[in-house]
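Per-chain numbering from 1; labels A, B, C, D and E assigned in written order.
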Amino acid sequence: MTILDVDVRHEQGSFALQARFQSDGRLTALFGPSGSGKTTIVNAIGGLLRPDHGRITVKGRTLVDTKKGVFVPKHRRRIGTVFQEGRLFPHLNVRHNLLFGRWFTPEGGRKASFDHVVDLLGIAHLLDRRPSTLSGGEKQRVAIGRALLADPQLLLMDEPLASLDEARKAEIFPYLERLRDEGGVPIVLVSHSVSEIARLATFVVVLSEGQVMASGPAAEVLRHTNVFAQAGLTEAGALIEARVCGHDDAYGLTVLEARAGALTVPRLRHPVGTRLRVRLRARDIMLSLKAPEGLSALNVLPGFISSVDEAEGTSVDVQLDCGGDSVVARVTRKSVDELGLKPGLPVHAIIKSIAFDPEVLGITQPENM
Amino acid sequence: MEGLSPEEWTAVRLSLKVAFAAMTASLIPGVAVAFLLERGRFWGRQALDVLVHLPLVLPPVVVGWFLLVGFGRRGPIGAFMEEYFGIVFSFRWTGAALACAIMGFPLLVRAIRLSIASVDRKLEDAAGTLGARPLWVFSVVTLPLILPGIIAGMVLSFAKAMGEFGATITFVSSIPGETQTIPSAIYAYTQVPGGDAGAMRLTLVSVAISIGALWLSEWLARRVRRRVHA
Amino acid sequence: TKDIVVFAAASLKNALDEVSAAWTKETGKRAVVSYVASNALAKQIEAGAPADLFLSADLDWMDYAAAKGLIKPESRVNLLGNSLVLIAPKGSAVQVELKPGLDLASILGSNRLAMGHVDAVPAGKYGKAALEHLGAWAGVKDRVAQTENVRAALLLVSRGEAPLGIVYKTDAASDPKVAIAATFPEDSHPPIIYPVALTKDSTNPEAAAFLAFLRSDKAKPLFETQGFTLLNKAGSGS
Amino acid sequence: MEGLSPEEWTAVRLSLKVAFAAMTASLIPGVAVAFLLERGRFWGRQALDVLVHLPLVLPPVVVGWFLLVGFGRRGPIGAFMEEYFGIVFSFRWTGAALACAIMGFPLLVRAIRLSIASVDRKLEDAAGTLGARPLWVFSVVTLPLILPGIIAGMVLSFAKAMGEFGATITFVSSIPGETQTIPSAIYAYTQVPGGDAGAMRLTLVSVAISIGALWLSEWLARRVRRRVHA
Amino acid sequence: MTILDVDVRHEQGSFALQARFQSDGRLTALFGPSGSGKTTIVNAIGGLLRPDHGRITVKGRTLVDTKKGVFVPKHRRRIGTVFQEGRLFPHLNVRHNLLFGRWFTPEGGRKASFDHVVDLLGIAHLLDRRPSTLSGGEKQRVAIGRALLADPQLLLMDEPLASLDEARKAEIFPYLERLRDEGGVPIVLVSHSVSEIARLATFVVVLSEGQVMASGPAAEVLRHTNVFAQAGLTEAGALIEARVCGHDDAYGLTVLEARAGALTVPRLRHPVGTRLRVRLRARDIMLSLKAPEGLSALNVLPGFISSVDEAEGTSVDVQLDCGGDSVVARVTRKSVDELGLKPGLPVHAIIKSIAFDPEVLGITQPENM
């Protein structure tokens, strides 16, 4: 199903946006360098900008159609937005900022729990304060809470986590995942962080100078590193699908089962049987001609080299086929020569368990992989 | 200096009543007109702007004359108001309040306009995305943010009403207890040789009242500012 | 030589404009006239205004100026006279006879009597005196709409806001929408007098000439067409 | 309707001159006082605030009378100004401009104050960290940001000066060619039979001038706003 | 030499700052979760906040001393600040925003070249625009440029790179490094990004709830992972000193010489002999009992285990002594048991060349290590 169908053209000064993509993903990531038009698209979806030409449809509902003269005003769209610059109401305290959207949503439609959101964002001690007394990150968290508590039909988040620390992000991520998967609230996320996108996105749109450079399911787009180089993305990697197969509580480990083989990762809370997406960053993978011994790395995936691409200068992306899963390893050109890596060669991909830090793992539903 | 005579006390009370009525009555139209002028893009905006400023540009006597012609018992608007709403302006304190309201209107509108212009429209947009329809956005975001301007406008309107004389006396003349405000009483004193002491006495009362009003407004403004910026 | 500067009560504008034009025509000299309320003029002369001639609308302010030594007493003259009338809107059925025992209150009913401010405006002061003389003041004093000047009282009657008003004959004659209902007897109020005098500081030799011209026969018809009577008798204080 | 007489033209020219002079002369003191009142924390702030508002609260005639007493040739300030600066106010057009400036001053100051209050002080801080000393911060950051308020204040001051009558005529009388402004001329017309046409003629001139002034100010304000927000 | 000596106490509402540190580093990083007082410290140094009590000295010049009543006003401090919220002048175009500081600096003192800064930040096409028409990242870049062009004696940067893409950051980093090392402009940087801090900082101050949790040279502070867990920092690692020893242009590689041994990394532009700091992230290091063969990894450092710490749950930080350099490897507890890792055991640390992406390398001058 197409959740988000955007096809707009718009001019602002010398900048021309010409964006067209159909996202069937529940979390659509907009990715691109500064000034590439991400906020402009967010504004068009949210109803803050009337595009010169085009059409925007969300979950089958036409919000904008310049040909038919359709333009649903922003207050009827029920699209919660976390703005790049906060935009808290200066005359209301934090509590009333958070509850603002509540005044206008039907009582029945409330899903987000105030206490839960406040807790999640760690802003309970700020409730009676005015926005002007908050720190940068505190403002950002209140802005996120405000959008969440409006119980939107769609959530637009323009770099919501930019100035938050890792610990706080790690607390917010699972909530966004739940919202995306269980709450059925599609999310459009603008982010410069590849790990954020890799973890959360089901669909990625790569923008550059107002044009869509690539768009598609996250697993596909993230594998193509060359598109990203232009867009400022340097971290390539493969997304593979895996199932929780067992937990080893003694060592605090979890064993996953993928087509490529068994993967040992730090203990997860997900029950056995949960389907997960796992991101194997190309730079985290080492290649060995023989099965290694006496090595601290717990994951050794046997496979064949399917192709050897040129990547940036020094390094080469080696595509592997490990039991049907595509895996990419980035190694130096020197290693390629020394080890004589070429298509067809059987190799072992070695990955440290520790390399799977929680951020590169996300729960997923199989059809969206 | 002696105290005030009973008639003077009457004038003081009446002046307060008139100024207060003028200020409150012009508040809502003032906000509305300020909004139209600052935000509106309609035909006749320029004309409305000129109309609002006229009481400032014209000598008060001329404004009083126009009021008499329009709002007097025989004037088209006056006759209409009397017939349909039972509101009579001529020779009533309501007429004095009307004259004062109109004379203070440009000041009120300007102050509110300035505040509206300085409101960050991105905040209004944000309120919209949270589901607030325009009228709600206005009430819960714009209005609180322009409160400083509204307070300033009210001060100007009240102060102007305390001092307004030309339009009032021309429109509703000076009837003790009904339309004789402090300025009318002062006027009477200045017209007779040796009336200076009486004029000065009333002037001091006016000054005292305005000190009170200013103090109150500053206090309110501080509260509002603290709400917004603290 | 410099133009002479005349400070004159505002109600004299029409007449004085014509007289000074005639004077200019005859002598080639110019008189510049500042038309303001008499009280302000007196105070201004007191503050050193460059006036050569002071034309007051009543005796009080001329007396004030004299008491402060602002005028040349020997030049003071009672120049013009006027009379006081009771007016009603044109076509009004009101019948009034101005004689002692007049019951103006019942004629007014709930309506107002328009007149100049009874303490401040000369016409108001004369009107009050007249009504007191006729024994009608007590009955109407709460029904009086006092105006800033006599023209405003005329306007109230002319617009139909008030059924009756007290104004000068000079004003009543000019407004087609009002009719003179009655003229107050001359003895019912102090004489209505516009005095004139040279100011103490006046050094312009033409000023005395202009004053003389005001009293001349050439000026007389010009004043009279405006409804004034030329008194032409030397005045002292009242 | 006939055209204007030469004397009326003189009054119109004089009124423009007076209004323009009043507006420009009160600009710098207006900005300074607005700044003091909005930002200052000094003893006597409240008193200054009251003083600035007095021309609004008091009947114009009283203000004119105070001016006459204070700034007249025999008044203490007037004598001082004449002796040390050679500036004479009494019965000169300069006096009319002074009266108009003072009557419009509360309006000018309020408009500027409102603008100052809405300036984001964080921008001034930023300018400070870039090495700008306070006076420079004021000139290159604060001043440009409060331009809309200054323009609004100038409009109010100019418009008020075009309509000011009571204080002017009381202070400097109504001498044609020297102190007879449009409102004084209108006043004289309203005092005599048959003067209505003349009054109306001059009123229309006043309205036309104020339309021009408003149009100019709106144009300026738009330019300024575009500079700041576009 | 002490470059920055801060000892302040300040209360804001219920928040109490009590910070005391002496930084002898040329780039002092302030690190800590949202609301921990970073901006408050920055404001105190910049002169935007008058602390209740305390003393601030920069390069021997006392800026604040509440006891002696010293408070140098902000315009005399010559401290350029990049604010967390931009604060561009709305009435000036980008060019005049950038040149603002120039109007107030003596002509002689100008070091930063306008064209160069504009180029570096990629804002040449924006020069005639008003700030209100800029995108979020564009505003941020102009704010950086404005501070740089004021030729400050000290640069305060409050999360300056938060919403910039990796490519743009990679261009700005070397400039900041040069400024720090050659320009002699000390920098105080607030950042949530460990890689940013690891790359740039010579001195790190870790804050939590207004208190200094740890402060010291970057190499020391970054090694102690437990301090960081609280502060939201999850990436531990060692900083070691190395020298450029040779370039291998054929393969696009550079060989570095550290006490631990030779390190092969992607080609650097630094000439032979340059002293560098290299960050070895604990999670990038694998341990092997034997010298590995047939492996794509080019770096193998022999050494001894000096200690085996407990780290978070699953993982264990193994401290190595490789020829005198301290190196930390993070491995699973399972590996520790399986390989029998214990102090004294000789092991090989294996690191992929690719793992040294440019961001974890910074030029340094030896005395600051």
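What we mean here is this: a residue touches a chain if its C-beta (ideal position, glycine included) is under 8 Å from a C-beta of that chain, and two chains touch if they have at least 3 such contacts.
On a predicted model such as this, the values are computed, not experimentally measured, just so you know.
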| note | When each step joins two chains that touch, the fewest steps from subunit B to subunit E total 2
| Both-way neighbours, i.e. chains that touch subunit D and touch subunit C | B
| field | Chain separated most widely from subunit D, comparing mean CA positions | value | A
| Chain separated most widely from subunit E, comparing mean CA positions | C
| field | Distance from the mean Cα position of subunit E to that of subunit A, given in whole angstrom | value | 26
| note | The distance between the C-alpha centres of subunit B and subunit D, rounded to whole Å, is 20
| query | Which whole number of Å gives the spacing of the CA centres of subunit C and subunit E? | reply | 91
| What residues in subunit C touch two or more of the other chains? | none
| message | At least two partner chains per residue is the criterion; list those residues in subunit A. | response | 85, 133
| task | Could you tell me which residues belong to subunit B and also touch two or more other chains? | result | 61, 65, 166, 187, 190
| Got a list of which chains touch which? | A-B, A-E, B-C, B-D, C-D, D-E
| field | subunit B partner contacts - residues on subunit D that touch it in the complex | value | 46, 49-50, 53-62, 65, 106-107, 110-111, 113-115, 117-118, 148-149, 152, 155-156, 159-160, 162-163, 165-166, 183, 186-187, 190, 199, 203, 206-207, 209-211, 214-215, 218, 225
| request: Provide the residue numbers of subunit A that touch subunit B in the complex, in ascending order. | output: 46-48, 73-75, 77-81, 83, 85, 87, 89-91, 100-101, 103-105, 130, 132-133, 146-147, 150
| In the complex, subunit E residues that touch subunit A | 12-14, 32-35, 38-39, 84-85, 125, 129, 133-138, 140-141, 158-159, 162-168, 192, 194, 231-234, 248, 251-253, 264, 266-267, 283-284, 286-290, 292-298, 313-315, 329-335, 337, 339, 341, 350, 352-355, 357
| field | subunit B-touching residues of subunit C, taken from the complex the two chains share | value | 37, 39, 42, 60-61, 63-64, 112, 114, 117, 119-121, 144-148, 152-153, 155-156, 159-161
| request: Going by the contact rule at the top, pick out the subunit B residues touching subunit A in the complex. | output: 122-123, 125-134, 136-137, 140-141, 144-145, 227-230
